[in-house]
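Structures for review follow.
One chain, chain A, links the two complexes that follow: it is found with chain B in the first and with chain C in the second.
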Partner chain A sequence: MTQSAARVVSANVDGAESREPTGSRRKPVAGGWDRAEIVAALILLTPALVLFAVAVLYPLADTIRLSFFDVKGLAAPKYAGLGNYFKLFADPTFRNTIAVTLLFTLTTTALTVGIGWVLAVLCALAPRETLFFRFVFFTAFGISDAVAGYMWITFFRPDQAGTLNAFLNAIGLGQLQHSWLGDPATAIWAIIATATWSGVGLPLLICFASAQSISKSIIEAAHVDGARPLSIMRHIIMPLSLPGVRVALFINLLGSLRAFDVIYVLTQGGPVRSTETLGFFMFKESFAQFKLGYGAAATVVLLIAVLIISVPAIAQRTAGAK
Partner chain B sequence: MKLTTLFSTAALAGLLSGTPVLAQDITGEVTLLTWKTASDLTTLHKVEAAFAAKHPGVTFKEVIASFTGDPRGGLRTVLLGGEPIDLIDNTWPAFRAELANAGLIRPIDDLWAKENFDARLDPSWKALGQTDGTTYGVQYIYGDRSSWYYLNKTLEKAGVTPPATWDDFLGQIPKFRAVDVTPVSLPAKAWAHGEWFETLLLRVGGVELASKLARHEIPWTDPQVRETLLKFKQAIDAGAFADANTVLGIEWDNAAEQVLKAGTAGYVHIGMWVSQYSADTFGITPGKDFGLTQFPALGLGHDDTSTVDATEYLAGASGKNPAAVDAFLTFLTTAEAANIFAADGYIVPSKEADTSLYNPIVKAANAAVSGKKLSFVFGDQLPGDLVDEYRVQLQKFIQDPSEANVDVVLAAIEAKAAESY
Partner chain C sequence: MIGRAPRWIPLVVGLLSIVWAVPIVGILALAFRPPQDVVLGWWQLDPLRFTLDAWVKVWNGTPLADAFWVTMQAAGISTALTMILTPMAAYAFHYLKFPLRRSLLIVIINAFVLPPQAIIIPLFLLWRDVGLLDNLWSVIIPYVGMSFAWSIFLVKNFLEDFPREMIEAARVDGCGPLSTFFYVVLPNLVTPISTVAILQFLWCWNSLLLPVIFLRTNIPLPQLLTRLSGTYESNFDQRAVAAIVTTAVPLLVFLIFQRQFTAGSLNRSGAKE
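Here is the complex of A and B:
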């Protein structure tokens, strides 16, 4: 057994790690690590680093490189400098895309996390009795967005073959029948409804776990002090489950910002571009029109938007980590 | 002399003698790139099987590009992936030009002359398969894109017969409305609403107008283009379609279902694939249950025009089996292949096709385009980003067909066209 392998890692009383070698210690090379440890660490890290480089760094670097080229169809790329970026921000279609993306992302996130949180808090009051209920909601989350889209397209169809319109007709509200996906004013809300239905399972699960981690002694103490279930929910469970809400918000914001599948299936960005989000715009430019450089520039803009949201959140959580 | 040297010498002598490739010489795998699915793919399998029966050593590997909307994205992705492709299925002249410019397809002028394709395909089909004077494509099926489909019983219910003229059509609208049937299903969710504009454009200004506009030799604000939209407006104002929000929510398959299954709409203006699709999907019989009629005559001097689409095979430059490809392209022009397509409901350009195999719908379409001045699908001739803007602006026109908005819409398309060519 090597000296490093024999290292015992233990935690001291305040949680900080301390390393206690079992035998005589080699001379440290850097940061308290000896050469053998550094070599071992590098060998162990190599597969992950290679995978990260191939799957993340290379595509990222290549996308950024491509965004500086004018590529149309299968023709040879021409260097365009920042041309694609200037064109992008002068493009009224792209500006419309930004507005649609903001509406979709903020609304979907607010609804998904809001509903998920409320359901989680209610479930936390009776965890055993709501097991099936939580399972059903999480199953919806497990359905891919594309499949969910195909399910909902039948629901929203404009004619009598549409479930929603047929239902409205059946209950005597035929005057409310509508072309939900054909009207620019309602199409985006139909997509938000679909995305919310599909996405509410994850915040429900995260917030429920957060609520379950609240010490039982706190809730028991509240019971002893005569607090009613609603008060316990409002003053204990809801505030103490907020860390879960923050995680759910973060995940949903990123997911909504990149949304594509459900939009592609339900409306293909229409009617008249009323549901064209950044993710769909990127797809259309890159794969439908095969303007790969222009699409890559849109991808970089989306990446920056994702970084703006994720870096502060990750930094905050890292700073808070012990 | 060693045995291997003897074989090598014999092989070299064979090559130098210029002997035509014999059936037994053609072997190996042929990789075929297509976007076809469902009944189209079934027919392709029949053709492949017939070819393989003649050349038992040949097998086919199909690479099917997935898509929703425009299949070219999927085809490009496969081609950029670098897999050697022997045959490419294509229906867009602009895409052929893109492939030729990128060096991804090889010319077949020599093959055309050697196998005397001219004996089986009219010169117009050769011209349709050319880019900058070089022949790349062998057209094997084509379709009439200026026709309307209808269900016989729906027309009987409304008490009408297919309209011969525009005025006949406008006169039928109240009759359809009286029996609670939408006169025309207009699928405007993605691209199919362009069919109306494109046929009207031909009938207003002829093939020359459409050709000039496609090449942007005239602006979109041209008075004849404006007149085209005003004809479209006339149909909208007369109540030919459902309300704008409804038509913007339906795709061509929904429209086919409304017309050819549910009978909630009278006509749908769409391509010929809907014939086989409807027969397969709705279990209706061409001629007996449903029919096809040509777009009504406008009386503006250009009713002898039709839009057509055509599908061709291109020889991939990266292919590993050019001998089998050449044999397959030749086979496509023969009676045997043509009759497989004809029996499955396609119109075939080969003069060797047995036209008695055509079903009543195909016969009607074939008769309708024979002797007409033909124009290839207009939208497929436009640059990619322009066609997207064109379709969106047509949606805006459908939302608001006022004369003022007609000018706004045409100006917007013209602005995009100015930067697209």
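Here is the complex of A and C:
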């Protein structure tokens, strides 16, 4: 599993080597272009470019444009300047949404990557003994967010058949029984728990791969020199798996910011809109209230957050694009 | 690899994995045990009886088979289109010289950070105007269009290691750019294309946001599941069956092709949605 993954990790982290495009041997036309190559590129690229333009470029630009308009239902859009943005930041629901987004994104990412990394380091020390357990975490990851959300509804059910309440009762903490999804204070934590459960497999996969790719000779040398397994873990495996952690952190931040499925299935944003993140708020405003301009403005705020955390990745990809 | 690992390691990992296993066992129990036996919880083992009633009820009472077919079509067509169009584009970007090449490439490969939320409002308006709402192509087009942001990057990365001598040899032997692609490069791209196919298939199958907005009558499995869960009757057994059916295919694909998934997801980012 590790070889190919490690290759991509290093390609991703260090920026891939690349070469100049092939020089042409045919007669160049004006401007140094080879007409045959341009025609071939047109034939090969047109379908992908058309689909990309229709599905990504045009909608992206139009989302930004619509955020300056008042669009309600079927009526013609009215120019509103920054009106939507002023309204957003005066809207208590939106301000709560920002707080929920920060809480959800940061907590879920920290828990997911933290647990996944620790598990990966532990598993790297005992790969054979933990094979089956890793399989359990990977299975949880292979289950889609929507289905995971449904599974955790049964876990948080308020009645006697709710797993968590029954468990609390069984260990003598019956007074802690709760309507977990019905209380704004606990509902967001139920969503965070679900997202963490469903996400841990990915950092585990990535960090385990980068731990496995550590050269055996380093570890054997440490072992021969008398290092105990725990100090090998502390001084070799943990630091050398950090590139994997960085990739996992970024992937999880992006994933949490665009979270939709878990919230849609578990709470629909409720109770009383207390568990909406930006990615869900824009859906609610645009497609439940049909305030499309308002929803577009919230989407632009989401985009800004996405761009801020993506700056290093974008810089790296742009520099590596040869 | 380093002598014997301490005993507590598998123990700690094992204990934690129980937390991860409980909801999975729970859903299996709910799907295969009669509802009256699990009123007090799926872990009550007395009496321990098994039944397929819920499966029959879901099969007869909900459009499960239709949803399965819709999901197969949406994920299948999207995956096929991405598999065909990505290598063409990646080859053009990597080996051919044409105006705006690098600018286009930078725009496309950086679009992988975009959340689907960034495109749904204008696409909804567009599909409404051209009458594509509730049509399967309303989700297939964005599935394929968005995939290029990571798939072209992934295949192009693979081409970095492709021996340039082969391209040169083909050129010397009189191959034009197109025949070089079809006869020299494409046959060697099986590995990255299958990685792209697996990631794309999983993403399209599990996708919920786009169908929720664009589709009404012919809905895929995850959307059917949310509709079943949205009712207030206590149909937990039927929901469990729908959940298992929804996730069985992508789960198997993921577990079987884990290696390709790891390699690929590191490239594409935001791997699971």
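The definition used in the following text is that the second predicted complex is superposed on the first by the 255 of 322 C-alpha atoms of A that agree within 3 Å, B and C clash if a C-alpha of one lies under 4 Å from a C-alpha of the other, contacts with A are read in each partner's own complex, and residues count from 1 in each chain.
The criterion applied here is as follows: a residue touches a chain if its C-beta (ideal position, glycine included) is under 8 Å from a C-beta of that chain, and two chains touch if they have at least 3 such contacts.
Values in this document were obtained by computation on a predicted structure and should not be read as measured data.
Chemist: Counting only touches as set out at the top, which of chain B and chain C does A:206 meet: first, second, both, neither?
Modeler: A:206 contacts chain C only, not chain B.
Chemist: Check whether A:240 is in contact with chain B, with chain C, with both or with neither, and answer first, second, both or neither.
Modeler: A:240 contacts neither chain B nor chain C.
Chemist: Can A:161 be said to touch chain B (first), chain C (second), both, or neither?
Modeler: A:161 sits against chain B and chain C alike.
Chemist: Spot which of chain B and chain C makes contact with more residues of chain A, would you?
Modeler: When the residues of chain A touched by each partner are counted, C comes out ahead.
Chemist: In the overlaid three-chain picture, which partner chain does A:141 touch, first (chain B) or second (chain C), both, or neither?
Modeler: Only chain C is touched by A:141; chain B is not.
Chemist: With both complexes overlaid on chain A, does A:307 touch chain B (first), chain C (second), both or neither?
Modeler: In the superposed model, A:307 contacts chain C only, not chain B.
Chemist: Report for A:103: first if it touches chain B alone, second if chain C alone, otherwise both or neither.
Modeler: neither
Chemist: Between chain B (first) and chain C (second), which, if any, makes contact with A:264: first, second, both or neither?
Modeler: The answer is both, since A:264 touches chain B and chain C.
Chemist: Can you list the residues of chain A that meet both chain B and chain C?
Modeler: 160-161, 264-265, 287
Chemist: Help me check something: in the complex, which residues belonging to chain C touch chain A?
Modeler: 1-6, 9-10, 12-14, 16-17, 19-24, 26-27, 30, 38-43, 81, 85-86, 88-89, 91-99, 101-102, 104-111, 113-126, 141-142, 144-146, 148-149, 152-153, 157, 160, 164, 167-168, 171, 176-178, 181, 205-206, 208-209, 212-213, 222, 225-226, 229, 236, 239-240, 243, 246-247, 250-251, 254-255, 258-267, 269-273
Chemist: For a test of understanding, state which residues of chain A touch chain B in their complex under the given definition.
Modeler: Checking each residue of chain A against chain B gives 72-76, 156-161, 178-184, 264-265, 267-268, 270-273, 284, 287-291.
Chemist: Spell out the residues on chain B that touch chain A in their complex, using ranges where they run on.
Modeler: On the chain B side, the touching residues are 68-70, 72-74, 76-77, 79-80, 98-99, 101-102, 104, 188-190, 242-250, 254, 257-258, 262, 264, 384-385, 388, 392, 395-396, 399.
Chemist: Show me the residue ranges of chain A that touch chain C in the complex, using the header's touch definition.
Modeler: 1, 4-5, 7-9, 11-12, 16-19, 21-22, 24-25, 33-34, 36-38, 40-45, 47-49, 51-60, 62-63, 66, 115, 119, 122-123, 125-127, 129-130, 133-148, 150-155, 160-163, 166, 197-200, 202, 205-206, 209, 216, 219-220, 222-223, 229-230, 232, 247, 250-251, 254-255, 257-258, 260-261, 264-265, 278-279, 282-283, 286-287, 292, 295-296, 299, 302-303, 306-307, 310, 313-314, 317-318, 321-322
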